[in-house]
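One structure is given below, encoded as structure tokens.
Should a chain be cited, it is by its letter among A, B and C, assigned in written order, with residues numbered from 1 in that chain.
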Amino acid sequence: MSNINGKVYAMNCVTPMKPWKTPILRLIFFLLWHIKSKQQDLINLSFIEFARWVIVPKTQFPYLGNRQHKEQLQYDYLLFFSNFNGTWNQYIDAFSAVLSTGLNLIWRWSEKFPGAVPITPFKTYIAQVQFDTDYYYTAYPYATANDLKAAHIVQASLDQLSQRVDTDNPDQFAEHYLQFVLQVQAHLGVTGAAPLC
Amino acid sequence: MPNQNGKLYGLTFLAPIIDDQKATPSHDLQIRAYLATLPTDQNSPFAKAPSTHLCRLVVMDDVVFVGHPAHEEHLKSKYLIFETNCDSDATDYLTGLAKTIPQQLDAIWSHCVGYPGAANLSEFLSYMKACQLKTTFFFAAVNDKSLPESLRALATQRAVVDFIADHQGMDPGRLQSEFKQFLAELKACPIPEPGAMAPLRNIKTGGRNE
Amino acid sequence: MSKLNETDIQGFVLRGYNLPFARHLFLHFEDSARARKFIFELLDQITTGQRWDHGKPESTLNIAFTHRGLVALDLPTATLLSFPVEFQEGMKRRAEILGDTGASDPTKWDELWQKDGIHSWLGISAVSPEALDARSAQLQSLMSETNGATLLGSQDAASLFFDGKPCNKEHFGFTDGFGNPDYLGVDRDSQPGQGKLMPDGTWQRLATGELLLGYADEAGELPPAPVPHLLASNGTFMVYRKLHQNVATFRAYLDSQAANYGGGKEKLAAKFIGRWRDGTPLELSPDQPDQSIVMDPARSTNFTYANDPSGTRCPIGAHVRRVHPRDAFGFNGKLIDRRRITRRGLPYGKAALENEPITDSDERGVIFIALNASLVRQFEFIQQQWINYGNDAHQGNDKDILMGNHGGKGRFVVQGDTNLANPPLVCSHLPNFVELRGGDYFFLPSITALGMIGMDLVDPR
């Protein structure tokens, strides 16, 4: 039972929200989704493989009858699931340093959220609302988001070069090969095990 | 479409766990015990079933009391969370699971309320749909490549570095013929096993994070 | 912010002394009362951060303690437990986190460091070997008089001397000593490139709390610190690492790789580090060294990587680019403001001329010393994530070419372009150029805190 598999960490958080605030958060997510430029910072942070937010309104916890008791709740709940590379501290440090506005926009509607800056109360809150993963699977434990992006660049460049190999003469090929190397030269880091924490 | 980002799907399921005072250990603990021994590497059931990039199973005991002035409240049931990042929509994905790993699905979800078993596909799908939550916002760093494409690219990248390193300063004729050979070998290579840690050196996995 | 009280802070923290000779003494305390008396007697000899208005002293003295040293001094339990976990564990127990395995594994360390007896560090810097010896002798007699400490071992270090003159080079031939950060309140001329990068492209001093405990840091708060506050304030944490350098292997490797590199040996050496051997930054002068840049404080560290995203000037995995990424991670450099360290330290061992026959087993290396307010967030992070790993630099698992624990399997890519004098090159089978021979984490207290320790007045409330 671990939050970590290879180079990726599974974080789970649940926070309560007063129901009248939920539609505001839905609007914010709607805008975030449709205004692509707002997602650019998230993309540039480049250590998140997958992340999601799930709003669970107080009446919508799955109810399947059969002697299950129906939930009677005051709050709506915001579930957050992240799959990120690096350590817990590194992840939160980075968000607090450069994406605090975005974080505040999403979590200010959750009860007792202290804000993403300064860092210590923020980390205390996250530790409080985080719960642990029982089972975590990744198809590529030896690869981070960066490694994946690099791999796809290399694959695409290789595919391009392979179209030349039968039609070029050796000198032409050598030139195209050099172009290929220059295209991929920043993306050649070897993949493997994660550093021990 | 919130469950989807590009070609990737982010599916979230919340299944209420059976609350039976007479069960010893309780159903949530039984799920935990089973999950604790389930392999997370290439022997994982999710490596055998198709299309899963990353997934997790989490027993959510309760919601969190964040402290006064927030009110304290509690869930009446525990829930099994299944969060998956995959290449297919819910119907296709769940069908894939039911067909390839029904035993493991049953071992886990039999502890949940109203679970019909994976044998009857339509009942299984209805059950899971009843447990499905709508993902409000889904982010994927690489959202346009399937799992087999990603595994293949990772293997390619590794092979390419070796090739470049071993062919520096080579004369063009030889370079070209060796490159042709390299392409053929790469093509013949099977896609790496999903879930496997690449074999490089002595590996230390996971452990408590700082 | 409030002005720093330089008389309360040990000088070693605020400034490099620029004295060419150093001796590091490692002490053991048998009895807490006698040890405290020894510290109390030492108090007015400790060099503070006060300016030297009458010229440099003959020698300086500073002191620090390991956690087991604080335990041996019988500090209150609550205080001892309030120190950060990584400091309590000590550097040896953190070996796997730091990548100190294989050739750098603790079982390969000098005997002094394999045992767990070191309680305190005394650092002497001096103008001459005679002044060094004089100070050591004086300390030895104080130790005997008070019976307050025993000397377990010592380590000398000194600037490398060529033709009888000291210089700033280390054993691989590179000019060292650039890039120590500028902090608010620390009275040292700031240089563009040393502080933190601002959105408008200027450089500003870092928050004091990145170096000293008790001050606001870059995260917008007074960070948690050991209790009582008076014990921690104006103090800092020190990393001491004896890094053995395999100079013969390095020279051989550089020669063999240079044979395949169109830019020549000196350029390749520059590509490894990110600076030419004379200190010229590759980003500012990619084709040849330029002493005029090195000698100009307004230019010698004043550069960013914005115009070099592909690494064709300075390779993406080059040493200086890894340990001080500046704007390379985007966000105007904001991601790295809390990952800076202040370096002190000198080489040890005799300088070797370029063609002198040498072996790896010769005693040569650098005493690496780093000062920071948080070991785990600053030094350990750099060591684990940027030296022995490469993901933040988008270099996968590739390690820093100079200091990485390669074990013979490492790889370093020199990005290039179509210019024949700047071709791409993949360097493989990297051996360990550097091996760790010992070290630990120390707490370097303020003068007030030393007084409290010496007088047994530490109260965690």
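Methods note: a residue touches a chain if its C-beta (ideal position, glycine included) is under 8 Å from a C-beta of that chain, and two chains touch if they have at least 3 such contacts.
For clarity, every value in this text was computed on a predicted model and none was experimentally measured.
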Graph class of chain-chain contacts, one of line, ring, star, complete, other: complete
Chain whose Cα centroid lies at the greatest distance from that of chain C: B
Separation of mean Cα positions, chain C and chain A [Å, integer]: 34
Whole-Å gap between the CA centroids of chain A and chain B: 14
Distance between the centres, which are taken as Cα means, of chain C and chain B, whole angstrom: 42
Per-residue overlap in chain C, given as positions that touch at least 2 other chains: 96, 376, 397, 411, 426
Shared-contact residues (touching 2 or more other chains) in chain B: 161, 164, 200-201, 204, 210
Interface hub residues of chain A, defined as touching at least two other chains: 46, 89, 147, 150, 181, 187-188, 190-193, 196-197
Residue ranges of chain A in contact with chain C within the complex: 7, 41, 44, 46-47, 85-86, 89-90, 93-94, 96-98, 117-120, 144, 146-147, 150, 178, 181-182, 185-193, 195-197
Of all residues in chain C, those that touch chain B in their complex: 96, 260, 376, 397, 407, 409, 411, 425-426, 428
Contact footprint of chain B on chain A as seen in their complex: 1-6, 8-10, 12, 14-16, 26, 29, 32-33, 39, 42-43, 46, 48-56, 60-75, 77, 79, 81, 83, 87-89, 110-112, 125, 128-129, 131-143, 145, 147-152, 154-155, 158, 161-162, 165-166, 168, 170-171, 173-174, 177, 181, 184, 187-188, 190-194, 196-197
Chain C partner contacts - residues on chain B that touch it in the complex: 161, 164-165, 168-169, 200-201, 204, 210
In the complex, chain C residues that touch chain A: 96-97, 99, 218-221, 223-224, 309-311, 316-317, 330-331, 334-335, 337-338, 376-377, 381, 384-385, 388-392, 394-398, 411, 413, 415-418, 424, 426
